[in-house]
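Here chain A shows up in two complexes: once beside chain B, once beside chain C.
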Partner chain A sequence: MLRYIRLYAHFVRFSFSRAMEFRLDFFFRIAMDCLFYAVQLAFFGILYRHTSLLGGWNLDQAWVFVAGIFVADALQMTIFANNLWWLPIFVNRGDLDYYLVRPVSSLFFLGTRDFAANSFVNLLMALGVLCWALFRYPGSLGFVGLVLYALLTIVGMLLLFAVHMYFLIPVFWLQSSRGLDEIYWSIHVLSERPDRIFHGWVRRVLVSILPLALIISFPTRVVLGEGSAWTIVHMVGVTFVAWSLLFVFWNRGVRSYSSASS
Partner chain B sequence: MSPRLFLHVLSVETRKLMSYRVEFWLNTAVGFLAQFGAIYFLWKAMFAESEHSIIGGYSFDEMLLYYVSAILLTKLVRGRERESALSQEIYEGSYTRYIIYPTSFFRYKYAQHLGALAPASVQVMVFGAAAAVAIGPRTLETISMTSVAMTMVIVAIANLLHFVMKAPVEGVAFWADNVWSLDVMLRFIIGILGGAMLPLDLYPTWAQELLVWLPFQYITYFPVRVLVGEVGGIDFAIGVAIALFWTAVFAGVVRIVWKRGDLQYTGVGI
Partner chain C sequence: MPPIVHVRGLSKRFTVHKKAPGLRGSVRALFVRDKLVKDAVRGVSFEVGEGEIVGLVGANGAGKTTIVKMLAGIIHPTSGQARVLGHDPWKRHNDFRRQIALIMGQKAQLWWDLPAADCFLVLKEIYRIPADRYRRTLDYLADVLNIGDELNVQIRRLSLGERMKMELIAALLHTPKVVYLDEPTIGLDLSAQRAIRGFILEYRERHAPAMLLTSHYMEDIERLCERILIMREGEIVYDGRLDQVVRKHAGYKVLTIHLQEQVQGVCETPELAAVGEVQECNEELIRLHVPRREAATAAAHLLASYPVADLTLEEPEIGDIIERIMAAQKGAPA
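Up next is the complex of A and B:
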């Protein structure tokens, strides 16, 4: 475990040095995420001009949810996004060998190698927006709720990584250049809507088989005091199953990898 | 560039795109369903929880029609937007070959862009027909042959406008190491100010009045309003004039950026 922590510290150090070599891009990406935040705030702000409740949440509660979207996005962009972008390219070019022969888990190496330093700056901003949303919230937020929120946000990130990987792993068998990544990005928006707007079998799918709707909504519910122990068990359980399946898919994918570029 | 060469480039691009047919249709079908699903449930909840039957002048069915039209028409306006297609030529050094081609780089690229549009048009018809059945024929009563013809005109202009809006952003590649984030920023701006994320009727009045004079709403919101028959003759002419004005402005910006960029270009790639 200590070896992995040391290795990750090296990844972070290299990533910061690399980011400072391309300074213009560094600032462009920060500006891009700031604009993303502004657009999301405007989107929900405009919606709430026409309703007082959405998915059972009023505007104050919705800001906590929106801040959760920012934190989840920033975490995803900082830790995983670059790595997931490169994965199908490595498979197609036959460059995966380098990562498979390292004496560490290939999934860990490929999933975390590239830490996005520029998005880390945005993570700080996203956390700032979250603090603003939580401080202005008129209801009471217990300490336990806040701790559980932080933990469930991390669980949500792991879940999002697993779901995204499901759409990339098919690249081992498909002839396409990016696996099913485009489909993932089409459905990603479902994670950025309150889970309670979905009903019937769609909702059941979105909180279990394709669990996008619980990634941000469930931690928000817990911090707002609307969650129960079952909410936590549900989210952790789904994440556990998702990661178990991820290991199975990953190992199968790697086994079918022939190294020659396709 | 001769019309024959233009059509040849267009057809090559279409065939190239259709070589991954399963991926192409799968991406589009799932993308459309996911977008439609997110919109359907969001607005179902909005109408139910606000207890209004009309929001921003739209009933629930009209709102669905707006979004379906917006999704499909935006597809025709943006084509199969391959991010950084122009900037990639600069980064890889392959822009060099266009300098010695006996034709304009932008006309060549626009022909490729239109080539990617042909399969998108088929998809628009297929998904449009499916959505029409799903939403119900009564909602479609406002769409007439005239409004469809007017929509084709404004979509053609919007397509060119979008292309020339994107080109200067791509041209930043002459100076910067990566323009992907600028592309995404442009998409965010067009999404929120152009009416793809929300109908502009929901915005505060001052914002609506301002957006009329900016180019963004002519990418999505205006073509949708034309399609559903809400824009009459004079308003249509004014809208077309504003869209053409911005197309000319951005074409001028493209000219300046690429003229300066050409002086900067080394042709070695990265």
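Up next is the complex of A and C:
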């Protein structure tokens, strides 16, 4: 475990060295994410001009949820978005070879090797927005709730990674998964909506088979004191199953990897 | 030399889709696909011992790289068995991966935007190399390859030869027991090729790993390998010592004559065709392939028939023989 942490520290260090070399790109990406945050804030602000409750949450609660979206997005962009972008290309071009001969988890190596230093700055901003939303929240949040929120956010990221990978792993058989990846990004937005706006079978799917609705909503419900032990067990359980399946799919995919002709 | 790579009946079959050219072909391929089954490797068996450099020789598409990738655990075979250091390579056990190295001349493993020294630190962590051993090995490799000054230069700013040297260091930092070299000198100039070859021999002398080398450069094979496997359409058609290839597969010797003076019409004289197969002929020089057993008689006959200034009787170029074996039709004797 310590070895993986040290390895990740190298990835982070390299990423900063690389990112700062291309200064204009570095600042441009930060500006782009700031625009994304502004659009999201405006979107929810406008929604609450027309309704006082959305998915059972008032505006104060919604700001915590929206800040959760920012943090999740920044974490995703910082830790694994670049890596998942490259994965299908690597498989298609036969560039996985060197990753498969290294004595470390190929899933870890390919999923984390490219830490996005630019997005890390956005992560700091997102955490700032989250602190603002939590401090201004009129109710009592409690220390345990905050710790659980932090832990469940990490669990949510693991879940998001697994779900995204389900849409990428077919590239081992299809040689191109661009269509599936676009489907993923189309439905990814469902993770940025309060889970209680979904009903019936749609909700059942979104909290189990395609558990996008858990990722931000469940930690938010827990920190706002609306969750129960079952909420936590549900989220951790689904994540455990999702990762178990991910290992199975990944190993099958790697088994079918055909590399490329030299 | 106890064998540490055992391969028995290893095969790999790829299924690819065929598509007719043009838009019509693309539309048709959306609904109906013709499959093309290609046997890249067909039931090959061989062994490689400790300290041995075995050359895998063959035309493009003969299956050399597929064998290397199967033995490195990158792709799964369709059938057959292989044991490398006592492991099934495609199970990719960490203990196995810690003891092998793969170098592909056509693919880079180092981070493009980083200095090699930084990339090596990651490999130190991946292979759990103790700090003092890492320092010693890096110093040794950089010294032998004469690349110490470039360690802190970004990879993308290095020449192709320097990059390949860094790739070699990256692959050998953990002192692997099995090394797969897939065209390690491709694209390099002659001096860089020589440096890489010298280094491989020096490394073998010091660490005695089992090495499997593929290369299209015959000089790599001649300088580095005592034993070669010649591949043709996925099969091994020759497995043996390099110096035996000529003896076994060339039934002729090359007889070259330099004439003392220009001899008009020498190429048309019937004696030449009777002695051997004329390869090159002009008024000053004659080169023939003569049957191995009749080489001395042929030489004597030509000495008696022409004003000879110089005569040489040589073994054919190994490269020519190998090319001939590789180019032969499947089913033809190798």
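By definition in this document, the second predicted complex is superposed on the first by the 257 of 262 C-alpha atoms of A that agree within 3 Å, B and C clash if a C-alpha of one lies under 4 Å from a C-alpha of the other, contacts with A are read in each partner's own complex, and residues count from 1 in each chain.
We adopt the following convention: a contact is a pair of C-beta atoms (placed from the backbone, for glycine too) under 8 Å apart; a residue touches a chain by one contact, two chains touch by 3 or more.
The structure displayed is predicted, hence computed values, not measured ones.
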Could you look at A:52 and tell me whether it touches chain B, chain C, both or neither (first, second, both, neither)? first
Is A:199 touching anything from chain B or chain C once the two structures are fitted on A? First, second, both or neither. first
Which chain makes contact with more of the residues of chain A, chain B or else chain C? B
Quick one: is A:147 in contact with chain B, with chain C, with both, or with neither? Answer first, second, both or neither. neither
Looking at A:35 after the superposition, I want to know if it touches chain B, chain C, both of them or none. Which is it: first, second, both, neither? first
Of the two partner chains, chain B (first) and chain C (second), which one does A:6 touch, if any: first, second, both, or neither? second
Would you sort A:25 into first (chain B), second (chain C), both or neither based on which partner it touches? first
Figure out whether A:97 sits in contact with chain B (first) or chain C (second), or with both, or with neither. second
Can you list the residues of chain A that touch chain B in one structure and chain C in the other? none
Residue ranges of chain A in contact with chain B within the complex: 22, 24-25, 28-29, 31-32, 35-36, 39, 42-43, 46-47, 49-56, 174-176, 180, 182-183, 186-187, 189-190, 193-194, 196-199, 202
Please name which positions on chain C make contact with chain A in the complex. 14, 61, 65, 69, 72-76, 90, 92, 94-95, 97-98, 100-102, 104, 106-107, 109, 111, 113-114, 118, 121-122, 125-128, 182-183
Which part of chain A faces chain C closely enough to touch in the complex? 3, 6-7, 10-11, 14, 17-18, 21, 95-98, 100-104, 255-259, 261-262
Touching residues on chain B, where the partner in the complex is chain A: 20, 23, 26-27, 30-31, 34-35, 37-38, 41-42, 44-46, 49-50, 52, 55-56, 175-179, 181-182, 184-185, 188-189, 191-192, 197-198, 202-204
